[in-house]
């Protein structure tokens, strides 16, 4: 195959990977701080995706514009979820927390199935078929916009954690729970805030994904698994790791889809997961887990 | 007489921090050997290396004539060394009886025989009446006795006790000391213990090793150790009057 | 035989024995008392009870959370089905072939996980990954007809053929009942044996178990392999009962989750938990379906939402499961 086909597919994969990275960033933030394994992560993303689809078909609102409001909605959802349902479970064994979120995931997926049916929905924006051309490189405009939005969102997130007071407080909680309590931080509220932020990330990523893929209720579980593969590969608790993992997986998926059959591309993601769990469980950029 | 347990120049490092530095000593068969020292002296690390929970970076550990450095914890137990934990770890949801049966099953295939052996041990450690209770419901002293029972059930030649007196009131301490002395004398179990409670050390030990900052600063009888100036300075504190 | 029964029941009170006997008789005569449709429902209940019991060996006894158990059933189903459709090999021989394969698959997963220290939630994710791998893989596997599905020939049989597992629902009911009983007996024997004690120790505190001389790697492997082999029979049954297999359904994560609902709701680690959980869950689900149909509503996914809510409620409020609570009420606590 001529090299420019590889190049185009690779770049496409890279751009998609950036959106994946944002999705995984949300999971990393949640796990890094609240230490909850959010098994409903992809399902939360699918809520955002359906919101985008509905708003688009009803009011023709471009997903890129709706990104912020929908992320806000997901923020509230995440905040409420953490303070209402998950917080009482912090002290329970991790199996319990995990199963709680599994239950939530099942409820979300099937409620979406009941409400929207199993057929795929799409968002056909005006620029859906546009593309940019740079020499031999041809990339879909939608992907470029999505990736750009993802980078912007991620940058804002990094800035938040680095420079704002609340961001630092959250990082303190993550580093030292007891210490945070001792200095008077309202840890429960900060946990809820963090979960909300993680949900907002995945919400924004979901909106961007509607520009790239079709939406069905069943993609929730698929993305949950993908998010875990990315976070584990990139390094649990490492925010740059989540982005790096996202790019890596996006790239691998795209190239695997090209070299083998497209429908088998997630097998490669799982292959990578198995390899990482075996040989470098802390991931590429992660610290050695306790 | 060759020692039951023999350590030679054993060292362990944790990323730049030297926890145990060239420690050598012998434990004779049938001894009641105590290891004391200030916090952070490397006592638990030393124990973990003998018990197989950690591997020594340097040196050799020889037990009953065979090297055991670097073996896994379960392999070490099968060789005849049993241990208790500093923070007691019985199997919480299992009954007192079942806790000990687990240990007894190590060298017995038949559950019935294991249970009989467990009952004998529980009687010896005064826990027989509580045998059907869930381990999680026991008081701390009882949980410590349970751990000792479980360790004994594996039929060890050497018993490692990690601060088994910690948290016990003086009367409970004396009771544990008496039990351990009986075990040592009657059942012939060699005991190696880490202890902070000097009351127990003085009453129990035939030989004491003092560690500080990972090295041996003194070794001898309890009476000699207590008077050793280096030990007094680093651990026991100067005498007043 | 008598010695076996004695061993199984030596620590049970009279009361417990009566309850057990009553239950057994009720299940035995059920097909004559209820209609064909309910027999099918009972088959489903027993199927879930069986797979739940098999899963329970790994989780309830050895403490390893598997969320990809569908892979073992799927392997059993496809191996038996392929042997039957291509070579005319009956299901019982197919089972003999399927069990070692399933156990082998379990061994691979177990080895990878336990040698490399993958535990807890990461182990669960690993099991999900393997099941998904199988699902996508089989979707592209020509020998099993890939995504188009594998169909078993359903000729009109005039009589029940136990050897080839062809027949009316009543026959299947008794096969499943026998299997569930066998699984129950197996679990009881295992838990009272040396291996059972070691499993419980590992489940409670793996490091302490090692300090007591238990080779935890080996016993965890046993748990995984036994659990996998027992589950594979369910797959064989599935293949010959439904007569069609699609990788999309057979290896689906919702199958894995359905397998664990019974034990979790009933009580993980208990003997009766999976069975009770299966009864409660399926009973309520069927009632829900009937109610919805009566209202004229056709909501695909409603049943799953219901399962999700049940799981949520149980995990939040009754984490031990329903069975321990019920056992105390009935005075049969030795079976808890």
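In order of appearance the chains are A, B and C, and numbering begins at 1 in each one.
Please note the rule applied: a contact is a pair of C-beta atoms (placed from the backbone, for glycine too) under 8 Å apart; a residue touches a chain by one contact, two chains touch by 3 or more.
Just so it is clear, the model here is predicted, and its values are computed rather than measured.
Think of the whole protein's Cα atoms as having one middle point; the chain whose own Cα middle lies nearest to it is C. Of all chains, the one whose Cα centroid sits at the greatest distance from that of chain A is B.
A straight line joining the Cα centres of chain A and chain C is 33 Å long.
Taking each chain's centre as the average of its CA atoms, chain B and chain C sit 44 Å apart.
Separation between the centroids of chain A and chain B, computed from CA atoms only, is 50 Å. On chain B, the positions that touch chain C within their shared complex are 51, 53, 72-75, 77-78, 82-83, 85, 89-94, 98, 101-103, 105-106, 109, 111, 114, 150-151, 153-154. By the touch criterion stated above, chain C contacts chain A in their complex at residues 65, 67, 112, 116-118, 120-122, 124-126, 128-130, 132-133, 136-137, 139-140, 253-254, 257, 264, 299-302, 304-305, 307-309, 311-312, 315-316, 319. Within the complex formed with chain C, the chain A residues making contact are 37, 85, 88-89, 92, 94-96, 98-100, 102-107, 109-111, 113-114, 118, 217, 221, 225, 228-229, 232, 261, 263-264, 266-267, 270-271, 273-274, 277-279, 281. If you check the complex, the residues on chain C that touch chain B are 192-194, 197-198, 200-201, 204-205, 207-216.
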